[in-house]
Amino acid sequence: MMDISLAAALTGLLAPLLAFALIMVLLRGRPHLCAGLSIAAVGLSLGSALLLLARHGASPNPLEYSVQWMVSGDLAVGAGVFLDPLSLLMMVVVALICLLVQIYSLGYMAGDPGLARYYGFMSLFAWAMLSLTLAPNLLQLYVFWELVGLSSYLLIGFWFEKYSATQAGKKAFVMTRLGDVAFLLGILLVLAHLGNLGIREMNTAAVAAAFEPSTLTVAILLIFGGIVGKSAQFPLLTWLPDAMEGPTPVSALLHSATMVAAGVYLFARLYPFFSLSPTAMAVCLAVGTISMLLAATMAMVTRDIKQVWAYSTISQLGFMLMGLASGSYFAGVFHLTTHAGFKALLFLCAGVFIHHFETNDMVAIGRAGGRRQLIPLVCMTLAAAALAGLPPLSGFFSKEAVMAALAAQPNPIWLGAGLLGAFLTAYYAFRLIFLIWFPDRVSAETAPENTDAHGHAHAQPRWQVLVMLVPLVVLALPTLGLGGLQTHLMSFLAAGLTGPEPVLPHLPWLPLTASGCALAGLILAWFEFGRRRAPRIGFAERSAFWRSLFAERWYIDRFYRALVDRVIDRGLARLCAGGDRHVIDGAVDGLGRGTVASGKAVSGLHRIMIQHRLGTMFAVIIFLALYFFI
Amino acid sequence: MHISPTAFPWLSSILFCCLGGLITILLLPGRRHQEIKWVSAFFSGLTLVLTLNLFLLYDQRVGGLQFVERVSWIPSLGITYFNGIDGFSLPMLLLSGIVFFTAVLTMWELEHRVKEFFALLFLLVTGVFGLFMSLDLFFIFVWYDVSLFPMYLLIAIWGSTRKEYGAMKLTLYLLAGSALILPGIVYLVVQSGLQTFDLTALMRADLFSPFEQKLGFFLFYIGFGILAGVWPFHTWSPVGHVAAPTAVSMVHAGVLMKIGAFGILRLGIFLCPLGWLYWAPLMALLATIGIVYGVFAGLRQTDIKYVIGYSSVSHMGIVGLGLATVSVEGLNGAVFQMFAHGIMTALFFSAVGYIYDRTHTKALDELGGLSHTMPVASGYLVIAALTGIGVPCLASFWAELTVFIASFRVYPLYATLAVAALVVSALFMLRVLQRTCYGPPNERLAHLGDVSLGLGLPRMILVAVILLFGLFPALMFELIQTASIPLLNGLPR
Amino acid sequence: MSVQAFLFYLLSAVILLSTGIAITRRNLAHAVVYLVISFFGTALLFYLLGAPLLAALEVIIYAGAIMILFLFIVMMIRLETPEKPLLPRAQMVPALVMGVVYLAVGELLLTFSEPAAKVPLESAVATPRVFGQFLFAQHWLAIEIASLLLLVVLIGALLIGRQRSKIEEPES
Amino acid sequence: MIVPFNHVLVLSGLLFFLGLFCAVVRRNLVMILLGLEIMLNAAAVAFVGASLRWQLMDGQALVVFIIAVAASEVSVGLALVMAAYHRTGSVDPRQLEQDG
C-alpha cells in the first residue's frame, strides 16, 4: 500500500525525468509538443510539492522513505525522499520557479532551432534539482548535485556555435567540479568515520563522538568546498558571471534562483552537522563575507545587465552563507527563499530587455528607450529595491534577519561588512535602474552592438509577449508580500530543526541602520546616475586602478588562466605527455633500437672481410680447445 | 569455491558460435560483402543472445562457479578443457558479447578486404571468450595468445596513422607480457607438484609458500598488467588505439584491456592471495600514477583517438586501484569499472569512428561544429565523454565511486589524488567536445549526413547499456558480489 | 738418433722452410713452386712413415694436379697492383697473437700428453695392396661419398665457370 | 724406430700454423686457398703419424679422403676466385667485400 505522500513525491520527481526521456528519445522533431510536455511535467511537480506542503506543513516529524538502491560490500547506497520543512519549502520554490521560467521561455526561446533540446535539458534540470532537494542521504544528494552541474553545463553551452558559450560551459563545469572533488572527499571522509551518510543521522549531536575534532573540521570544510564551487563563492566565483552566456531564462533559473542556491541549501541541510565545528563555521563566515564584498565591487563597474545580476547573485549567496555561518539557520534559509523570488524576477526582466533590444549593455538599453517597457521596468525596480533591502519588500525582512545574526557575533567586523555590503548592493542595483530610467540622450548612439547573437523576429506575436510578462507579475507578488510571512516561515522551519534556534536579541536600531545604508547607496546612485546633470560615471569607475581591478574580477580569472596555462597545460600535461613520448617510449624504442643495433653488430661479423671471419673462426676453435682440454 | 555443473554446454556453445561464424565466413566467397556482413551480424548477435541468456540464468543465490564443463584433454600433463563462470567472468562475457556485436555493426560500411577482416575479428573474439570462461591455466594462456595474434594483422592492414608502428609496438608489448605469464604459470604448476593446470585445484590456500605466491603474483601482475595498461607499461595502448580501425579499437579498448585486469584477478589474486596482499601497495601506487598521468597526458593530445587512449589509461588505473584495496567494495568497483569502461570506450570509438569515416580526420583542430551537421552522431560522442567524466546515472560513475570509497579507507592519499584527477579529466574531455562538436558550423563538413538509424543501432545499444547499469547499478554489483565476498572471506590474513 | 729420425728432421726442415718461403712470396707463381717443394717433402715424409700409396697420391694430386691448377689460375690473373704491404699489420697482429696462443696450447697439449706419445714410433708399412683392400672393405661408403663429392664439384665448377660468361654478356 | 709421435704433431702443428697465417694475413684470394691447402696437408701429416702410432690403417684412409676434399675444394675455390676476379678485376678480398 503506497502512501499518498510517497506517491506524490515520486510523481513530482519522476515526471520531469519522463519528460526528459521522451523528449530526447522520441520527440526531438516536434518542439512545441516538447515544450508542452516539459511544462506539464514541471507543473505536476509543483502540484505535488504544494500537496506535500499542505499535508506535512504542520507536522513536526520529518518523513523519510528510502530503499536500498545498491549494495556493495559494506557500502549501501539508499535512494528515497526526505520530507521536512526545509526540503518542502525548497521543493516548492524550485518547482514554482521552474514552472514560471519554462513558461517564460515559450516566448523568449520562440523560434530557436534547438527548442526541443532546450526543454529536454530543462526537464533534466528540474528532475535533478528536485531530487537533490528531497535527497535523504548525502550520496544521493551528491549524485544529483553532479547532474545539476551537468544540466548547467549543457544549458550554458546551449548555443554551442558561440565559442564564448562553450567556453563558459566548460569553465562552469570544471570549476564546480573542483568544488565537487572536495565535496566527494568530504563524503568519503564522513563515510569512513561514520559509516553512514543519511542526512538525519549526520545531523545528530552524537556524530561528534565518531570524529576527532580536527578531522571533523576537515570533513566539514571539504563539504563546504562543494558549496563554494556550486554557489560560486570565493575563490571559485568567476564561473558564474561567464555562465551568463546561456539563454537568459537559464540564468534566471539555474544561475540565480535554484542551482547555485543548492550550495546554500546543502549548508542548511547539514546545518546541525556544520555547527559542530566552530572553526569551520568561522571559515565559512569569512568565505561568505569575502565573496559578498568582492562580487559587489565587481558589479559596480560592469555595464552588462546580466553580469550585474550575476555578481549580485554571488554576493547574495555569500550573504546567505554569512547568515547561516553566523548561527542563524532561519536567516539564511529565509534569505534564500526571498532571494530566489526577486533574483529570478530580476533576470526575467533583464531577459525581456535583452530580448527586445538585442543587447546586454544597460547604457545602450537606456538610450534605446528602455523605459518604454513599463511592466518589466517596474517589476525590475521592485525587485532591485528588494535586493537592496528596502522596506517593505521581501528582501528587507530577510536581510534584516541576517543582519541580526551578524550583530550577535562578538566581532563587530562582520556586521560592518554586512552593512557595507548592503550599501554597495543598493548602489549597483540602482545604478542599473537609473541608467535605464534616466538615460542621457546627449550622444544618440543608436547602433547598439549586438552581443546576443541569438536573432529573432522583432514583430513578436502578442501571445509571446504575454507569456513573458505573466511570470514577471507572478514573481512580483512574493517579492512584495513574502516579508509578511516571516513569523510563519520561522515557526514552520523551526519544526524541522533538531537543535534549538538561537534566540537573537532584538535590536531596534538594526533595521534602521541597515535600511539607512541601503538608502545611502540609493542616493549615491541617484547623484551619479539619476539626476538631470549626473556625470553618469560611478565613483569606482573614475580611478583606472579600481576600475580595472573590479572589471578584471580582482584578477582571479587571470590567475586561473595562468594556472591552467602554465601549470597544467604547459607544466604537468606537457611533462606527462613529453615523459610518455621521450622517457617511456624513448626507453622502449631505445630497447628496440638497441636490439636492432646489436643484431647489426653481430651480423657484421658475417659481413667483414673473409679473412677476418676465418680468423674469428680459428680463435673460437682455439678457445674451445682451451676450454675443453685444460 | 562452489561448483555447479551444467546440463547444456552453454559456454562451449558460445565458443562454437564464434568458430561457426569464422568458418562460415571463410567458406563464403570474398567478394560477397553483404552476405559476409549479415553472417557476421547473425553469429555475433547469437553470441550476444547466448551471453545475455547466461546473465539471466546465472543463479546469484548459489553463486560460485556455474555452467561448468570439464573434459580431460591431455591427462599426462594434467590439461583439461575446463570452463565455468562466476561473478567476475560473467560481466566480462556480457561485455564481450555486447562489444563484439556492436563492433560488427559498426563496421557495416567496410569495403576493404571484408572477408579477412571479419574472419580475424571472429578469431580474436573466440580467444577473448575462451579466456574469460576458461579455468585451466594452459587454456587461459592459449586463449590469451589466440586473442593477441589477430590484433597485429587487424591493425597493420586496416589501420591508420602509423599503423605498422602501432601494430608492431602492441604486438611486442603483449608478447612481452605473455613471456612473463607463461613462466608464472609453469612455475606455479611445477611448484604445486600436482601435475595439473586446473585452476580450482591450484587455488588451495596452503599449496604455495609465501615466496612462491609473491613471485607468481608479480609475474602475473606485470605480465597481465601490460595488457591492462598499467603505468609505465601503457604506451602501447594509445598508439595501438589510434592505429586500429574502429571495430578493433572497440574490441581492443573495450575488451582486450579488460583481459589484462581479469588475468590479474583470475590468476594473480586467485592463485597467489598472499602475493596480492604483499604487492597491493605497489599496485595502488602504479594505479594512482596511471590515473593522474593519463589525464594530464591526455590534455596535450591533438588527435581525438589519442585522447581516448590516454583516458583509457586513466580509467584502467581506477581498476588497478580497486584491485589494490583488497576489499569487497574495491573488487566490486574494479570489476564494474572494467565493464563500464569497456562499454564506454566502445561507444567512444564507435562515435569517433563514424565521424572519422565521414570527415577523414581525427585531428581536433580540423573538426568543429559537428553538432550542426550530425547532431545525433555528436550526441553519442557527448554521452561517451560524459560517461568518461564520471557523470552520475551513467555506468562508470558507480564503479568509480565504489573504488574511491574503498581506496579512501586504505590509501587516503592515493584516493585523494585519484579524485582530484577527475577535475582534469573533466577539463580534457570537455575540451575535446568543445573542439569537435561545438563551435560555428564548419563549411568543410557541411555536406556530411547524420548517422542513420541502422548505423546508429550499435551506438544506441551501447548508450542503452550505459544508462541501464548507470541507473540500476545493483544489477551488476549483486552479481559481482557473489564472487568477491567468498574470495575475500577465503583470504588468509 | 737413427737414420730414419734424421731423415724425419731433415724432411721437416725442408717442408717448413719451403712453406715459410712460399707464403711470403709476392709473386704467386713463385709461391706455388715453393709449395710444390713442400708437398714433395711431405710425400717423402709419408713414405718414411709407412704410407707409400699416400706418398704417390700426394705427389700426383697435391704437387701435380692441385698446384698445376693454381699455376693456371695465377697465369690467368694479371696482377697490376701487387699487394702493397705483403703482411698488413691489421691482420698480422691478430694472426700472430692467435698463433702464439695456438702454439702455446699445442705445446701444453703435447707436454701433458700420455707418455706413450713420447716413445719413438715403430716403423711399419701399409703396402698399397693391403691398404687398397682395407679401404674398399672398411670405407667403401666413404669412398662412394667422396666420389659423389667429386662429381658434384665437377658440375659445380663448370656451372660457376659458365655463370661468369653469362654475367659478362649483358655487360658487354 | 723413427721419432716420437709428439714430434710428428709438432711438425703438423707448425705446418698448420703456417697455413693459417697465410690464409689470414695475405690479401690475396689465391694465397688464401693456398693456405687452406697447407692446413689440409698438415692435417694429413698428423693422420699419417697417428696411423703409425696406433698401427691402424684408418688414419691413412682418412688422408685419402682429405686429399679428395682438398682437390674438390680447390677446384671450386679457384673457380670462385676466377668469378670474383672477372667481376671485380682483382683478387683482393677487400674488393670483394666492398663490391659484392
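A, B, C and D label the chains in the order they appear, each numbered from 1.
Note that a residue touches a chain if its C-beta (ideal position, glycine included) is under 8 Å from a C-beta of that chain, and two chains touch if they have at least 3 such contacts.
Computed from a predicted structure; not experimentally measured.
**Q** With contacts counted as defined, which of the two, C-D or A-D, has more C-beta pairs across the interface?
**A** C-D
**Q** In whole angstrom, how far does the Cα centroid of chain C sit from the Cα centroid of chain D?
**A** So the centroids are 5 Å from each other.
**Q** Find the geometric centre of each of chain A and chain D from their Cα atoms only, then give the gap between the two centres in Å, rounded to an integer.
**A** 95
**Q** For chain A versus chain C, what separation do you get between their C-alpha means, in angstrom?
**A** 100
**Q** Using Cα averages as centroids, what's the distance between chain A and chain B in whole Å?
**A** From the centre of chain A to the centre of chain B is 37 Å.
**Q** Would you mind listing the residues of chain D that make contact with two or more other chains?
**A** 20, 24-25, 27
**Q** At which residue positions does chain C touch at least two other chains?
**A** In chain C, residues 91, 94-95, 98, 102 touch at least two other chains, as defined above.
**Q** Would you mind giving me the full set of chain pairs in touch?
**A** A-B, A-C, A-D, C-D
**Q** Report the residues of chain C in contact with chain A in the complex, numbered from low to high.
**A** Touch list, chain C to chain A: 91, 94-95, 98, 101-102, 105, 108-109.
**Q** Where on chain D does chain C make contact in their complex?
**A** Within the complex, chain D touches chain C at residues 1-11, 13-15, 17-22, 24-28, 30-31, 33-35, 37-38, 41, 44-45, 48-49, 51-53, 55, 57-58, 60-61, 63-65, 67-72, 74-76, 78-83, 85-87, 90-92.
**Q** Can you list the chain D residues touching chain A in their complex?
**A** 20, 23-25, 27, 32, 93-94, 96-97
**Q** Which positions of chain A touch chain D when the two form their complex?
**A** Residues of chain A touching chain D: 607-611, 614-615, 618.
**Q** Provide the residue numbers of chain B that touch chain A in the complex, in ascending order.
**A** Where chain B meets chain A, its residues are 169, 172-173, 232, 235, 293, 296-297, 299-301, 327-329, 332-333, 369, 371-372, 386, 391-393, 397-398, 401-402, 404-406, 408-409, 415-416, 419-420, 422-424, 426-427, 430-431, 434, 437-441, 473-474, 477-478, 480-481, 484-485.
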